[in-house]
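First the structure, in the form of structure tokens, and then the observations on it.
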């Protein structure tokens, strides 16, 4: 039984590690400035995990193989442990884990502990059950006033934009997130009803949208294209299809688009949405 | 029956009359829970469990109120709709009542310790009465507020006010029930060492709990009156 | 004090009426078995739900005639609706976490064996003990009612009479909100969609009831352990199981009140119109939400996870204790580093109170506190690693007997490592950008708090069954159960990591909407098949359990040649555990293979000098005999 169990543990270890090593199921391609850093940190972490996992499992397999009861008259080793060993492995694991923990804050700190860089393009994101609204400030660079009391889904005023506010005149609200490539983007994340979460796998970015809060986040996208945008926080029955797209445009195409008034913005955005293809999965 | 039992001794749990009264082990016996009676005989029972139990219970009740208090603090800062109401004056009466009841409870416990059973029962009864008066005074405060149109949902502060007073009142009611139980048992005669231990342990536990309820109320009163 | 005397005498006489003996029993052993039976019932419900979920994910839109018959509104025409799926998610999580992973290890085995292992005749407060079980039982019934209030139109209509916030009957099989019940979704009521009516109220009430039951249990465990250890049972002579149950009880004692507080606030938001968690200006289902202003959704998350993270350890610490105990017994070796093990259990438990924020990195919480939580989280890996090393150390140089409990204990170690190691990934803020709420998380916590804990409990069941019921469980059926389950759970949960790698979000009723999830299609189906096989093999376990209770081979008092007190008394133990004698303890709990001893194990009750050189157990430093430290 000992040998079989040891073998089984080894085979399981091999299969589990193999699943990561072959990278058959892996991150989608990275399209953000910080993405490669996230991927690198993951690689380092998963290698450490893999080594620790393999060492522990191979060790476990080995002891159950080696120390099975062979009915000899000899007894097991009588030992209550070894303090020096305890200290050694405590210190070693502490050093490794804490170093990982410290390294693992770098990307986070670079995105969350700094305000959006100057020159960022700001977009307000308003999530609702079960769709996304993206509010563009238009040419004037100022968002029109919004008020929950003015929200009227049936009149297509999804974010409660106040039409009487001069700043609102050139604002557009669309259901696709369009962002410029290679220019920092700042999103102000809001929710109308329940908690949602903004997730674009290629972006290596996720952030909850909490009702009652306006959460500013920023990132820079480095590759044009069309990417799926998903909700990652349970928000009700149709959570699984609260889907939109993130369209990443070259700077000229982008600035041309966001200068358009609402109805033309909408039409042009739909054209572009058809022009770009989803990545091959 | 238990064939492999080795190194055991008989439990002495029959009546052990008279003798000086004693407290059980110190709760964290250095050498396990082996407890010894006045004559050196081993006992199965230690009334420390009541005292330990009540401290453990207090820890958990404290966590409940700590959680509610942190919610109170967070909520008071999370938005500008927080409006404190003028505390009903009758709450000062409540506070006085519960402070006095702590004293009477302590007198009662000491009477028991000095084997003055009549005093024990009498002061216990007074404490129960004061406890009930406290609850009545709290209800009076609620009624005043309701008359002023201050309801639970009208403001987050009010929500917490009602919640804290209700939660404290319920826990105090539990204390009153415990005292009532002690009161019922004052009629029984002293007979066994274990019985005495139980009685003293239970009275101690109830006293500790009662003081805790007192302190908790004072803390809540300060929180509700002076925080922000 | 006549009644006290009477009580004392009574303690040693088992009650004779059926009701006092088996239903409202004060005997911790009966209560322990009641808890185990409750968990065995709850786990079937939870498991069936998970299989239904898997089938929906693998073959969405498939017509399952039987489902249409059973749930005409939730699965119209036999096709599962997304809200039906989500209510399964919610109920599966709630049932498993509360009524299986909290009740079986602590309420069940802890109740039965903690008093015996420390040489006590019962728990400190038997009446509270009985109440804690029955309160928990009521909690379970209320949770089942939540299913019917939402899923059954007739029963839902009945609940509607309790007021508007109880209006339900939405055609799901329970509330929708996940076991974490984040407001505002869980606080808004029916307006937020199906599965938000009476079911959620009952769900909250059930959890509140459960909190009270657990608190009474924790109070009892702590007091019993401090006050009722028998002569010679110093803290450092306690079996590691007792340390685990003790730490778990402390965690429960300090964390459940916080959940209770959160539950009360959430319920008030739903039924009393308060605004603890509901901010103002919400626009839900086409209309503005009136009355509520200024609440903080994050406040709930803080309260919930302050409880939720210790809860993870509440689930797994008893499994760790049982594993240490069983590994030592069948390795015929003392536990390697007993003191380090005690320290590690305590460190894990206490650190567990300071890491709740790692569930909330992307919640909108301050990014600075996220960093603090992240570093603390990874430091929990250190005591966890110490435990793993010590388990391997225990097996090193051993003479392993591969009984079924031993197999499951070894399985526990393997699964604990497999599940725990990915905590290093998920605990880092920068990686949480991608992995938060993906199947990577699902894989992590299912392996470590779900499956590993359950393996600990399987090990405990096979190990202690003979003591509890006086009969052995079938070893061959047990081994069959082990092999299929062990390989099965890996086959289920390792692929979850792969799904997480491509970014698959949790709690999706259907993956067909997204192109980026297409590559996982075959994997999803593979997992479902593995899950069905693994679930099916549990029938063997249930058969073995109940069949052995009546037909198993008679067990001796100490069938495993083990050392702790439960094996020194009769099988099954008499009403007061030690038949009127107070056992005395002379040595540490794991004296196996002591050189020069007559047998390869020395029981804790064996006095010094009985064929053993005195003080021999003290020689080797770390652990062993507490008197020297």
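The chains carry the letters A, B and C, assigned in the order they are written, with residues numbered from 1 in each.
By definition in this document, a residue touches a chain if its C-beta (ideal position, glycine included) is under 8 Å from a C-beta of that chain, and two chains touch if they have at least 3 such contacts.
If you're wondering where the values come from, they're calculated on a predicted model, not measured in any experiment.
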Chain whose average C-alpha position is farthest from chain B's own: A
Selected interface, B-C versus A-C, where C-beta contact pairs are more numerous: A-C
Distance from the mean Cα position of chain B to that of chain A, given in whole angstrom: 50
Whole-Å gap between the CA centroids of chain B and chain C: 31
Sites on chain C at which at least two other chains make contact: 279-280, 294-296
Residues of chain B touching at least two other chains: 79
Contacts with 2+ other chains: residues of chain A: 212
Residue numbers on chain B that touch chain C, as the complex places them: 1-11, 13, 15, 27-34, 42, 44-46, 48-49, 52-53, 56-57, 59-61, 63-64, 66-68, 70-71, 74-75, 78-82, 152-153, 156, 159, 163, 167, 188-192, 194-196, 198-199
Residue ranges of chain C in contact with chain A within the complex: 81-83, 86, 176-178, 182, 184-185, 188, 192-195, 279-286, 288, 294-298, 331-340, 361-364, 367-368, 370-371, 374-375, 377-379, 381-382, 385-386, 388-390, 392-393, 395-402, 407, 410, 413-414, 417-418, 421-422, 424-425, 427-434, 436-438, 479, 483, 486-487, 490, 494-495, 497-499, 501-503, 505-511, 513-516, 518-520, 523, 592-595, 600, 620-624
Chain C to chain B touching residues, read off their complex: 1-5, 8, 118-121, 124-125, 215, 218-219, 222-224, 226-234, 237, 253-258, 260-262, 264-265, 268, 272-276, 279-280, 291, 293-296, 299, 302-303, 306, 557-558, 567-570, 574, 578-586, 603, 605-607, 610
Chain C contact footprint on chain A (complex, rising order): 1-2, 5, 8-9, 12, 15-16, 19-20, 24-28, 37-38, 41-42, 45-46, 48-49, 52-53, 56-57, 59-60, 63-64, 67-70, 74-83, 85-86, 89-90, 93-94, 97-98, 100-109, 112-113, 128-129, 147-149, 151, 153-154, 160, 192-195, 197, 199, 201, 204-208, 210-213, 215, 228, 230-241, 243, 278, 281
